[in-house]
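Both complexes shown next keep chain A, but they swap its partner, so chain B is in the first and chain C is in the second.
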Partner chain A sequence: MTRILFSDKLDNCVAKWRSAGLTVIGPVQGESLSSYATVERGTDLHLGLVLPDRSLKELFFPQTEPMLRYTIKKNEIETADFTAPSAPRIIFGARPCDASGLAIDDPLFGWDYKDEYWFQRRKESVIVTIACTKADDFCMCTSLKLAPDSTKGADVLLRPLDKNRGWLVEELTERGREAFVIISEYLQEGSETALPTVEVPEKFNLDACVTWLQNPENFDSKFWKEISMRCIGCASCTYLCPTCHCFDIQDEGDTYSGIRRKNWDSCSFALFTMHTSGHNPRSTQSARWRQRIMHKFNYFPGKFSVNSCSGCGRCSRQCPVDMGITETLQEISKL
Partner chain B sequence: MTETIHNAQPNIYKPAIMKIVGRHDEAPGVRTMRLEFQNPADHEQFKKTFRTGMFGLYGVYGEGESTFCVASPETRKEYIECTFRQSGRVTSALANADIGDLVTFRGPYGNRFPIEEFHGKNLLFISGGIALPPTRSVIWSCLDQREKFGKVTIVYGARTVADLVYKHELDEWQERADVDLVLTVDPGGESPDWKYRVGFVPTVLEEAAPSPDNCIAVICGPPIMIKFTLISLKKLGFDEKNVYTTLENRMKCGVGKCGRCNVGSVYVCKEGPVFTAEEVSRMPAADL
Partner chain C sequence: MITQEKYRTTVKELLANGSIKMAIGYRPGSTSDRRRPLFIRTSEEADQLVLDSTCITNLSGYLVTEGLLSDEKRVGIFLRPEGIRSINILAAEYQLNVDQIIIFGFDFTGREVRALQGQTTGDFSALLSEIRENPPLATKEPLLERIEKMNAKERFDFWQQEFSRCIKCYACRQACPMCYCRRCIVDSNQPQWVNTSSHTLGNFEWNVVRAFHLSGRCVQCGNCDRACPVNIPLRLINQRMAKEVVDGFDHFAGLSPTQEPVLASFKKDDTETFIL
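Moving on to the complex of A and B:
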């Protein structure tokens, strides 16, 4: 016997969670891009998407975020902290790759200095993932040794039943259990069989790629120039990536008052590393693309024992010039 | 090198408020400021953690923050001194600030020069132009406990006589019997009354030919100077393990998150900015 959440009860669940004080967030089709956003009714959720265009990252590490407000009076500086808004929330229908992305970035935001903007939101969020029963040509979680039903970063995993009838409920954490206690009246015991997860073919041999990347001789390989020749440095891949975490700090305001903000930044941009002197350690697009690949599959795992990629495929899917991590690692596999 | 583990704070990006208590113009566009902590708790934290070689983010609200070293030594923690060239938005705002004005400081961050390991050894400091400030922090940290070290040699050069920073301190070191100061300016940069050397730092260093025996070298300068100075030090017989330098990459967070300072797998803000030449040689040269 397993617990089942039937689709026709979803509206009730959303209402129940909301009345319990939880903000309910899930995949939503926006005007141009789909993303994870707040919903008021279960019917607002677009659970049929392969995955939203925008990743889950922005709910924990927003595109722009106020960090503090400053007011300057004569010989006095007053600052007020903006803390990440305290709002318990449930993210319903996250994709396993997006949930994995959060778990991947936890050690980065926590080593030595703890970034509370990230961790407060992590603490306040219950993540309910739905195992994938469909994928597109860009999905590549299996190449990253993850799976369409990976539980990494998730509090509850739902396995779809046929004909969109509902889901089998697998509670993974205490936090997940607590969130489902709230809606227990809408859950049923049953002995249904979930649909099989989608087959995601392996697109490259990760181990072989990592071995190649770890060889210092390949740092200067002409491969980097060739593979990144058509990169226009638009940063779409880094912005949509569920694990890319680079940011800039900028002041918005004037000499007397304003807000200090943390904004997404990208290793694709030339100014990202430019010194005051004009010297730029990563002065070419190929050096910047090399940095992105090396960081994800060589440097980051070296520090935190995990690849900085969860295989969502957004970098390739949304790239205006049809390149991305998949294409690059496939080429490396051939070397 | 061991890393210090810091306790979690509510807002790791919030800087300390500092009052400018002194200003000194060093060279055209280059200024030193002395800053005092306004909040005793911030000052206590600084006194507990600051060691020579660490850096900080200096800022002016409304303009932003810039990363540079702490130019004052670990033996003088009542204040922070920083020396900067006015070149961008933040440094211009800092340059426009007056004595009594308030600015911000976030840090100290990064690792340090392990000067206890230098006890009993001869010290060779090599520096070029605006890179004397980080070296100066180490120099005074050692000169303030002079008896613990052997011979002290300082090789310092700049493009022109006007570009030499800390001129008053250069005079002081020149007069000290326990410091051997070798001053130079690039060819063409000398003034009519210049009585010291003319030539590039690596050349002058080779002429001065300090002995590598029981000697630690600390070099700071623009990338091109470091590159050729390392070659000269090798010629003189210095072991890469005994040569220290400090990397100054662009940074925004200073605490290993914003992603821009890495050279290869090394996060300069956390594993550096101080490295031995041996450590630097293991980094991908194209990324430096």
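Moving on to the complex of A and C:
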């Protein structure tokens, strides 16, 4: 016997969570873009999307965020901190790759300095993922040793029943259990079988790629130039990525007062590593693309023992010149 | 198919006899409706060339890649009429020398691909003049019509809504052949002209600055629009600005490599007392 949440109860659940003070967020297809957005009713959720265009990371690490307000006076500088807004929430229908992305970034944001903005939101968010029963050509979680039903980063995993009737409920954490206690009156016991998850073919041999990347000789391989020749150096791939986490700190305002903000930044930009002197240690796009790959599959795992990629495929899906992690690792697999 | 085969042969010949050092074209992408830019330097690479109605990206931006043309050797490139116009603008703005460019022109009607006759920009002037008479602006865009009917306030709100999605990835800029500045105004931080933050104001500043910088220069290739990961209908802004420039200055950009840039030239007897 397992617990089942039937789809026709979803509206009631959303209402119940909302009345318990939780903001309910989930995949929503807008007029021209899909993203994780706040909903008022269960029927506002678009649970049939392969995955939203925009990733889950931005609910934890927004594209721009105020950190402090400053005023420079004659004898002193006054500052006032912005803290992350306190808002308990439940994210219903996240994809496993998006939830994994959060778990991948946790050690990074908690390493030498504990990023309060990230952890405040992490603490207050319940992540309910739904195992995938469909994928597109770009999905590649399995190549990263994850799966369409991986539980990484999730508090509750739901497994879909046939005909969109509902889901089997697998509570994974205490936080998840608490959130489902709120809606327990709408859950039923049953012995249904869930739909099988989608088969996502493995696209490359990750271990072979990592070995190649770890070999210092390959840092200067001409492979980098060839593979990235068409890269135009935008930040689409990094900004849509659920694990890319680079940011810049900028003061905005006039000479005497303003706001210090934390803004997304990207290793694809030439400006990213530009020194004040004008010297740029990553002066070419190929050096920048190499950095993105090395960071994800060599440096990051070296430090945190996990690859900085969850296989969502967004980088390849959205690239204006049809590049992406998949192609690069496929080509490395062949070397 | 026939056009593609013919062009493969031409590229091979020109590479073999040293007329060009490279040709920039298209090859298959990760799905059947996607094409990847291809840099052809060998006969084997020429065999990867694809030319069909999915080859819509304007490739001309690659020509101003640092160092590509500095050895004065020639480069071939596959271009549709918009691409030829952008080469002319790049030349008029002293970004490249048209004598170094061999054009492999093509266009399509529906799914049918045909070659355009000619090799240098001059060969296409009749074609471009024709486009001027029947500009792509004339193509009816339902969304554009909707926007035209709005009053100023509604229009402002519409764009504010659209720009609110912008994440400042600068894919529009990077994809645009006309955005070749070595240091874009938004990357300049001494002083910081434009907020780097991607909030309402910062997004508005960025998109308005870009619209102004593209006025009288945009060729409506749509690269920006297709590159935008959050699907902002950027082409409409630049289309509208192009129309303003045609109406106000009788200037249709990209007709020839010597055409004076409309907003980057001035005359001593200009009646205006202020230069924007």
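By definition in this document, the second predicted complex is superposed on the first by the 335 of 335 C-alpha atoms of A that agree within 3 Å, B and C clash if a C-alpha of one lies under 4 Å from a C-alpha of the other, contacts with A are read in each partner's own complex, and residues count from 1 in each chain.
The rule we apply is simple: a residue touches a chain if its C-beta (ideal position, glycine included) is under 8 Å from a C-beta of that chain, and two chains touch if they have at least 3 such contacts.
Computed from a predicted model, the values in this text were never measured in an experiment.
Of the two partner chains placed by superposition, A:Asp44 touches none, neither chain B nor chain C. In the overlay built on the shared chain, the residue A:Asp248 is in contact with chain B and with chain C. In the superposed model, A:Tyr239 makes contact with chain C only, not with chain B. In the superposed model, A:Pro281 lies in contact with chain B only, and not with chain C. Of the two partner chains placed by the overlay, only chain C lies in contact with A:Asp322; chain B stays clear of it. Touched residues of chain A were counted for both chain B and chain C, and B has more of them. In the superposition on chain A, A:Arg261 makes contact with chain C only, while chain B stays out of contact range.
Of the two partner chains placed around the shared chain by superposition, neither chain B nor chain C is touched by A:Glu192.
In the superposition on chain A, contact of A:Gln63 is made with chain C only, not with chain B.
In the superposed model, A:Asp115 makes contact with chain B only, not with chain C. Taken together, the two structures place residues 248, 250 of chain A in contact with chain B in one case and with chain C in the other. Put simply, chain C touches chain A in their complex at residues 29-31, 34-37, 39, 57, 61-62, 165, 167-171, 173-175, 187, 192, 195-199, 202, 223, 226-227, 229-231. Contacts from chain B toward chain A in the complex involve residues 3-6, 8-14, 17, 61-66, 85, 87-88, 91, 100-102, 104, 222-223, 248-250, 252-253, 255-265, 267, 270, 284, 286-288. Residues 32-33, 53-54, 63-64, 137-138, 229-230, 232-236, 238-240, 248, 250, 252, 261, 263-264, 266, 269-271, 316, 318, 320-324, 326-327 of chain A touch chain C in their complex. Contacts from chain A toward chain B in the complex involve residues 67-68, 70, 72, 75-77, 79, 81, 83, 108-109, 111-116, 216, 219-220, 245-251, 253-256, 258, 260, 262, 265, 267, 272-277, 279, 281-282, 287, 291, 294-295, 298-299, 302-303.
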